[in-house]
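Read the structure below first, then the notes.
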Amino acid sequence: MGIHKFFTSLNDLERIIRCPGRFKFEEHNVAAHSWKVSQYAMFFGTLEEMNGTTIDWKSLYEKTINHDFAEVFIGDIKTPVKHASPELKQMLAHVEEKMMEKFIVSEIPEEFQGIFFDRMKEGKDATTEGRLLEFADKLDQFYEAFAELKRGNTDLEFVYMYQTALEKLLRIPLPTSVAYFKEVMLADVIAEETQIDIYSLTHEIINKA
Amino acid sequence: MGIHKFFTSLNDLERIIRCPGRFKFEEHNVAAHSWKVSQYAMFFGTLEEMNGTTIDWKSLYEKTINHDFAEVFIGDIKTPVKHASPELKQMLAHVEEKMMEKFIVSEIPEEFQGIFFDRMKEGKDATTEGRLLEFADKLDQFYEAFAELKRGNTDLEFVYMYQTALEKLLRIPLPTSVAYFKEVMLADVIAEETQIDIYSLTHEIINKA
Amino acid sequence: MGIHKFFTSLNDLERIIRCPGRFKFEEHNVAAHSWKVSQYAMFFGTLEEMNGTTIDWKSLYEKTINHDFAEVFIGDIKTPVKHASPELKQMLAHVEEKMMEKFIVSEIPEEFQGIFFDRMKEGKDATTEGRLLEFADKLDQFYEAFAELKRGNTDLEFVYMYQTALEKLLRIPLPTSVAYFKEVMLADVIAEETQIDIYSLTHEIINKA
Amino acid sequence: MGIHKFFTSLNDLERIIRCPGRFKFEEHNVAAHSWKVSQYAMFFGTLEEMNGTTIDWKSLYEKTINHDFAEVFIGDIKTPVKHASPELKQMLAHVEEKMMEKFIVSEIPEEFQGIFFDRMKEGKDATTEGRLLEFADKLDQFYEAFAELKRGNTDLEFVYMYQTALEKLLRIPLPTSVAYFKEVMLADVIAEETQIDIYSLTHEIINKA
Amino acid sequence: MGIHKFFTSLNDLERIIRCPGRFKFEEHNVAAHSWKVSQYAMFFGTLEEMNGTTIDWKSLYEKTINHDFAEVFIGDIKTPVKHASPELKQMLAHVEEKMMEKFIVSEIPEEFQGIFFDRMKEGKDATTEGRLLEFADKLDQFYEAFAELKRGNTDLEFVYMYQTALEKLLRIPLPTSVAYFKEVMLADVIAEETQIDIYSLTHEIINKA
Amino acid sequence: MGIHKFFTSLNDLERIIRCPGRFKFEEHNVAAHSWKVSQYAMFFGTLEEMNGTTIDWKSLYEKTINHDFAEVFIGDIKTPVKHASPELKQMLAHVEEKMMEKFIVSEIPEEFQGIFFDRMKEGKDATTEGRLLEFADKLDQFYEAFAELKRGNTDLEFVYMYQTALEKLLRIPLPTSVAYFKEVMLADVIAEETQIDIYSLTHEIINKA
């Protein structure tokens, strides 16, 4: 086939639902998630740049746009599975890579294969752009959990997801972004009227950090 | 916790969608699938019994009711992933087993743990009941693909799923059931008015078998 | 036709929604409900057996798998209608029986008709298995109502459904199962964080019983 | 309570799905159906009036708006059940009437009860307005079936529904409306591009009539 | 084409969702909304008539049935857009009118065009019927917002929508209807068990009025 | 508020459905659409760059990510409305701009306002990046229509949308991209098995171009 096959496969990501199997008041698909991650990255990339960091914008946007494309092949495997053992995590990563490789070789026109290999590889590296991807990805998990708790979802999974995402956000080595999130954004978050006590859930983590 | 936690986890299987990420006119969840598999097993178990085979009914029904419970932990991992390599398949099976074990030890009251370990283990063994489970499980895949093709789904995935399920059904070592399926049921299947040419898709496989 | 028609009719039960017409945060279909009822029956059958009762497992599982099949013909008629008058209830039961009979005679191959007549008849009789079916069926109603209240559904229908199911569960003549439900499970139920005051709703009924 | 209870019960009809349990590409609720029936009635009432018939418009609109309100109490009972026996049909009608009566007496303020009793009674009588209601109600069934067949639904239920609605429409004693439907509208209907052969399905019935 | 085209366009209003883009626990379509508005108008028209006002029932019902038909052409444009400037509001009204005109001229048979022009024009005029339409339309907005708040929707949009609808209802020049709504219905509304504090939201507005 | 308000508004675009009011086998939201447009732009930007054009990647990705953000304020106004008159189109564009301005001034922290004004303005200008945005945006419309026709949607709206998007794509002043689309991709598109005759619909337009 060719790039037409690649383009139609994008549509599949509109049907991969995040956090499958849990009760949610609102579901999110991986395509829309990828877009929101790009938006968060645009903002925090700007913030970092204003504070003197050099941003490779092409790399940043390609990382955010492509970071979950591999879910076309493997779906949204549940997080506890992924973290069940380091060997499994590594093996799943390996399978993902192999399936991506096979897809690129069989569907992408030869002259584009090099570029695709480069773009589709794991984006969360130690570069500023890799960290911004990690930050933006976690921020979307934070917001997904927040929206459920706000609407009254009492499933402990979302309490846990909210607190885990918060903890991880506070530890990402991007001091400017983390400070802005912690000092400016969290103030607005905990000021919202919510069904679940967001203030306490949030402070419990901040105090531990 | 206790059995209450186990019972509420059953609800999760109503939200695990089969064949995630593909376009379907109708979606099916794992809970409803498990029920249909039990129904098919009831019929083919009866057929086999009428033809002189002894059926351990308790075992047969428990196999069908429980065969996909582990998807609570791992979700519906895409088939190509599962079959990407024998090592991965084995490792995923291992992880599944470990997560089930951990769940049973932490959630099931001690006096029931032995029984749960026994019931939740892989059911598709070489016993007649294990084969009937395999047959019934494949039959549901056959019917899911058939319904999509009948309604005009042109996604090649469902053509492939229909033919693969058919091929596998014809090879399961249950001669009476297979003969009934092939001679009685398929005649009704290919007589239906469908948007896709079911007659050809079916005969292509039968002729190869 | 034949058994193919019966098998495709199973799919219809995935589209019959329980408790039609009420606002629910999550809907349940009759196929998935039947599976959950089989799971509850598996547990309570085991519990009763451990306490010395003999269980006819084949009968128990067939009762649970088949108990709502007739909804294929009549849909999920609202409970208040069914109980509007004893004559209507009897007449609806009669119609249901006649439609099932007609279906079996016209769709099920002759050699299986006897078995189907036997399996599809009303399962909630005075046997232990009949009582376990009744218990498991009510337990699913209890859990459906509980999940709605937990998530903040203020429709009085679900308060009423929760309390009615609870009342009935406590009165089913299966002392071991009822005691386990009341002493072990309810403790976990009322300990959950819920939007509605489950503790009071539950104790109000327990104190009356 | 009072009229507030009546008003909130209207919302329930947005959740009663027509033709429950069948596979449909698009579902319709009873509230939206009632509105479409009012629209059809507006047109055919106008047509009849232009041809010299006197129309009691207040009665016509109240009949169409109210004709399915009773489904709040009984849901959408499957047609084969309703027609299983004349006794059952009569008894169901009786129950419906009693539940409506009970609702009016307990929820509607006393000064409005007489008016409500009058408005909520069966509307399909032998008056011109009763016939227009019957015509408009059947026309919506005709259109619902047509839309499914057009999109490729091969379920025989919809073929049967299409032909039955057509047959009944042609026999309603409103010669002007029937002629307009048959001569003007059907020409447009069979000229549409459809997945199923609408031309033949339609002519088969017209030729029999 | 002809009236067939008009009739199939009614189906489109079942897919136009009210208040698009906001999170809602339950969505409402324009067809069902139009039906509920007709029901409210039936009640308040009766109330006004009982108090001595003459009601033109044909006009009242046609106003309610047709008041949102133009959304077939323009969709449900967000309220803030509509009110962004008087010029835009006027221009949108003009476009709507032109599209309706074009539709009537090209789809409606000539002999019915005059009647359709008359029926489809803006219904919220200064007649009693126009005011009843306005009252009934706002009442549905009030109930839609109420249902969301009752179920725990904390989106400020619905708080604002609830209070705005309430304010406007209290000011419509139909003293009998407004008094009944304020004195009889609101008492029942604020007595309901709700997730959000309806009592305060309501009294804040009543006290200001 | 601040950036928190902006981030939560992104979620609203997951609920704005494209092409509202038409029957579709699959719906698409504006967030997922924006992501697919970014993916198409990544490919065609690469293709143009390989052919010697200089691409401002930061600008290209920001254009694609932001191009429909304004739908948060105005929703997805139906295309025929937008094109009803040049004055209306201009006035709607003006309102959109004003609402965006008001949003930026009230929600975006002052130090970011300049950047937001720049990013959120209309992206389809005469630069290469503006043309790539136009190309990618039309390509998604092409694919949305194609998928409906492939699955058997006979609504003429989608035939028209498919042909209009195709026509426009062929005329965008990006010769390399257009040639690749026409010569490479269309060959794969018309080779697919579809319910509707895609080959003819496509050639009719190509031959006219």
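We call the chains A, B, C, D, E and F, going by the order they appear; numbering starts again at 1 in every chain.
Assume contacts are C-beta pairs under 8 Å (C-beta built on N, C-alpha and C of every residue); 3 or more make two chains touch, one makes a residue touch a chain.
Each chain and its UniProt protein: A, B, C, D, E, F = Hydrolase.
Computed from a predicted model, the values in this text were never measured in an experiment.
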item	value
For subunit B (Hydrolase) and subunit E (Hydrolase), chains touching each	A, C, D, F
Same-residue or different-residue interface between subunit D (Hydrolase) and subunit F (Hydrolase), half as cut-off	different
Centroid-based (C-alpha) most distant chain relative to subunit B (Hydrolase)	E
Distance from subunit E (Hydrolase) to subunit D (Hydrolase) - Cα centre to Cα centre, in angstrom	24
Intercentroid distance (Cα basis), subunit D (Hydrolase) paired with subunit C (Hydrolase), Å	33
Intercentroid distance (Cα basis), subunit E (Hydrolase) paired with subunit A (Hydrolase), Å	41
Subunit A (Hydrolase): positions in contact with at least two other chains	11, 13, 23, 25-26, 147, 152, 195
Full enumeration of touching chain pairs	A-B, A-C, A-E, A-F, B-C, B-D, B-F, C-D, C-E, D-E, D-F, E-F
Contacting residues of subunit B (Hydrolase) [partner subunit F (Hydrolase), same complex]	23, 25, 152-154, 156, 195
Of subunit C (Hydrolase), residues touching subunit A (Hydrolase) in the complex	25-26, 147, 150-152, 192-195
Of subunit D (Hydrolase), residues touching subunit E (Hydrolase) in the complex	1-8, 10-11, 13-14, 26, 28-29, 31-32, 34-36, 38-40, 42-43, 46, 50, 57-58, 61-62, 65, 109, 111-112, 115, 119, 139, 143, 147, 184-185, 188-189
Interfacial residue positions of subunit C (Hydrolase) with respect to subunit D (Hydrolase) in the complex	11-13, 15-17, 20-23, 71-78, 80-81, 84-85, 87-88, 91-92, 95, 98-99
